[in-house]
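A, B, C and D label the chains in the order they appear, each numbered from 1.
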Amino acid sequence: MPIRILITGGTFDKQYDEIHARLVFKESQVGEMLRLGRCRVEVNLRTIMMVDSLDMSDADRQAIVQNCRQCDEEKIVITHGTDTMVETAEALAKATGVERKTIVLSGAMIPYAFGSSDGMFNLGSALSFVQVLPPGVYVAMNGRYFLWNQVRKNRQTGVFEAVV
Amino acid sequence: MPIRILITGGTFDKQYDEIHARLVFKESQVGEMLRLGRCRVEVNLRTIMMVDSLDMSDADRQAIVQNCRQCDEEKIVITHGTDTMVETAEALAKATGVERKTIVLSGAMIPYAFGSSDGMFNLGSALSFVQVLPPGVYVAMNGRYFLWNQVRKNRQTGVFEAVV
Amino acid sequence: MPIRILITGGTFDKQYDEIHARLVFKESQVGEMLRLGRCRVEVNLRTIMMVDSLDMSDADRQAIVQNCRQCDEEKIVITHGTDTMVETAEALAKATGVERKTIVLSGAMIPYAFGSSDGMFNLGSALSFVQVLPPGVYVAMNGRYFLWNQVRKNRQTGVFEAVV
Amino acid sequence: MPIRILITGGTFDKQYDEIHARLVFKESQVGEMLRLGRCRVEVNLRTIMMVDSLDMSDADRQAIVQNCRQCDEEKIVITHGTDTMVETAEALAKATGVERKTIVLSGAMIPYAFGSSDGMFNLGSALSFVQVLPPGVYVAMNGRYFLWNQVRKNRQTGVFEAVV
C-alpha cells in the first residue's frame, strides 16, 4: 500500500521571493525532492496547507488530524514546521481514529531551496522510519525518531532531543 | 550504542578533479553530509577503502566482512558503489560472525559533490532503516529497503528493484 | 594595481539563520565567491558595513564615499543592496575626490548562500567592467552596465533598466 | 545590437550521466545559466558543437571561424574547453573576415552542473568584457582578460596566465 505524504509547509518548503526580499511559500517542493532522491516508494502527496508552524491554529491541527483519519493509507509522513511539530504530534496521538496508523512528522531547519538543506536527509529518514515503525505517532528529526511524548525541540540549538 | 558507518567509496563519494577533468576519490564526504543533515545519531565512521565498486575484489569484500565481524556495533551502514552492492550484500549474508548484526548497504547514483544528489536522501534513509530493522543484511536505495537476496540493480534505469 | 572591493552587505551577502528562521548578515561571502570563481585578479577586500540597503543612512553613504576617496586603488567594486544602489551611485558621482576612479556598484537579487544565485554572475561581471571602463560611477546588474544617472531599478520586475 | 554566443562544449557544459557513471554532453546549459544570472543583455545563442576541446579538430576550428565571420553581430562570446582555448583564439586571430569584431573565449574548470562552478563567474565576466573591449580576439578566464597571443593555460594549476 502506498505511503501518504501530507504537506503543511514549514521551513522545509520556504522559498526566497526575490522581488520582496523575504521568505515565502509557493508550490511545495516535496515532489521535486522525491524525484531528486530517486525515490521509488509509492507515495500519494497532498498539500493541506502551506504555513509557518508558529501560525498554525487549532483548526489547522484538526484538519491534519482529519486528513490522517480519513485517508486509506496506514503509513503517513507529515512535513511540518519544527517549532510546533511536537504540538501537532500530540494532537494526533490524542485523536481518535488514527490508532492503527504509523504517522511520522518531519521537517527541516534550512529551506530545501537554500542548497545546504537538511531537508533531503530528513525526508529520506522519515520515509524510511514510517515503513518499519509500528503504529504510533513519531517525530523524525536529526536522523533519529522519537515517540510523540518523548521529544522536544531545543530552541537554543535547533536540535530535537529526547525528554527523559 | 552508536552506529558504525563503513565507507567504501562508490559514486556517493566521487569528486571532480578539475586539473585532469575526471572523477576521482579524495577524502570521504560522509562526515560533511551528516553535518549538513544535522544528524545527531551517534556514529563511528571508518573509511575502509575508496573504490569504484566495479573494481572491488574478493579481498576487498572480505575486508568489509571482517570489519563488520570485528566491530563492537550491532548496527552498521556501508556506503558502497551501486554496481556491485548486491554482491557485497551476498558476501556479508553468507559470512559467519555477523548473524546478529543489522547491516544496511546504501549508495548514490549521483556524486554528492554534484549538487543534485540522491546521496543525502539515501544516507538519511539507510541510517533510519538500520535503527529499526531486525538483524540481517539489507540494501537501502530509492527510499526502499530490500533483503540482500531479494534485490537487483536494473542497469538500464539505475533503479534497485525487488527480485520476485 | 589591484582592484578594491568594498563590501556593504545587501541581498548578495544575506544568509539564513536556522535558529531564528530569518535572513541575517554574518561574515561576507565575497572572498569565498572569488575563490569559487577561481578569480586571479588581484583584489583588496574591505567590509565597510553589512546592511540592507533600505536601512542605509546618509552617514553610511558618506562612509562609502570616504572609502573610495581615500583608498589607493583607482578601480573599485562596491557590493550593495539593490534597493538603493542608484542612490549610493549618485552620492559617489556628486562627491569630490573620486573623479579619476572607476567605481562599479553591483549586487544580487538572490542571496549567494541560496544556491541559485545571480551573485556569481554579477560579481564576475562587475569585476570585468571595472577593469575596462573609463573613470566614472556605474551600476553593473543583469550583465549590463549603466552610468549612475542613466539607470533605475524596476521594483516590479527586479530588473535594472536604462532611464531614457 | 545583440551579442552572439557560440557554444562549443567544454567542461563548462559537461553533465553527469548517472546510468554510465561518466561525464557527457547533453543540451547546453548556457541558456539556463543566463536565466539564473538574471541576464538582460540581448543575446543570440547558437550551439555549433558539443566537444571536449582536446578532441577539437582543425575542421571544428574552421567551423568556429566561419560562424564568427558570417554572423551579423560584432560582439561574440565563445564557450570553449580550456585545454585548447588558446589554439582556437589563435585560429580566429589569424583568420580573415573577423578583424572588426570583438571575440571573447571563455570556459570553466568545473562543470556548471556540479554546483561549485566557476562557470557563472566566467560567463558574467566574458559577457561584460565583450561589451567594452575594442575589436580583437581575447581569452577571459579567472576574472581577467588576455589578448590571444599573450596567454597560456598553466596545466599544473589550471590557471590562465600572461605570457611575458
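In this section, contacts are C-beta pairs under 8 Å (C-beta built on N, C-alpha and C of every residue); 3 or more make two chains touch, one makes a residue touch a chain.
Since this is a predicted model, take the numbers as computed values, not measurements.
Ranking A-B and B-D by contacting C-beta pairs places A-B first.
Greatest Cα centroid separation from chain D: this falls to A. Inter-chain spacing, taken between the CA centroids of chain B and chain C, is 45 Å. Separating the centre of chain A from that of chain B, both taken as means of CA atoms, is a distance of 26 Å.
Rounded to whole angstrom units, the spacing between the C-alpha centres of chain B and chain D is 39. Within chain A, the positions touching two or more other chains are listed as 109, 115-116, 158.
Chain D contributes residues 11, 16, 18-19, 21-23, 52, 83, 109-111, 113-116, 155-158 to its touches with chain B in the complex. Within the complex formed with chain B, the residues of chain A that make contact are 33-34, 36-41, 109, 115-118, 120-129, 131-133, 140-145, 158-161.
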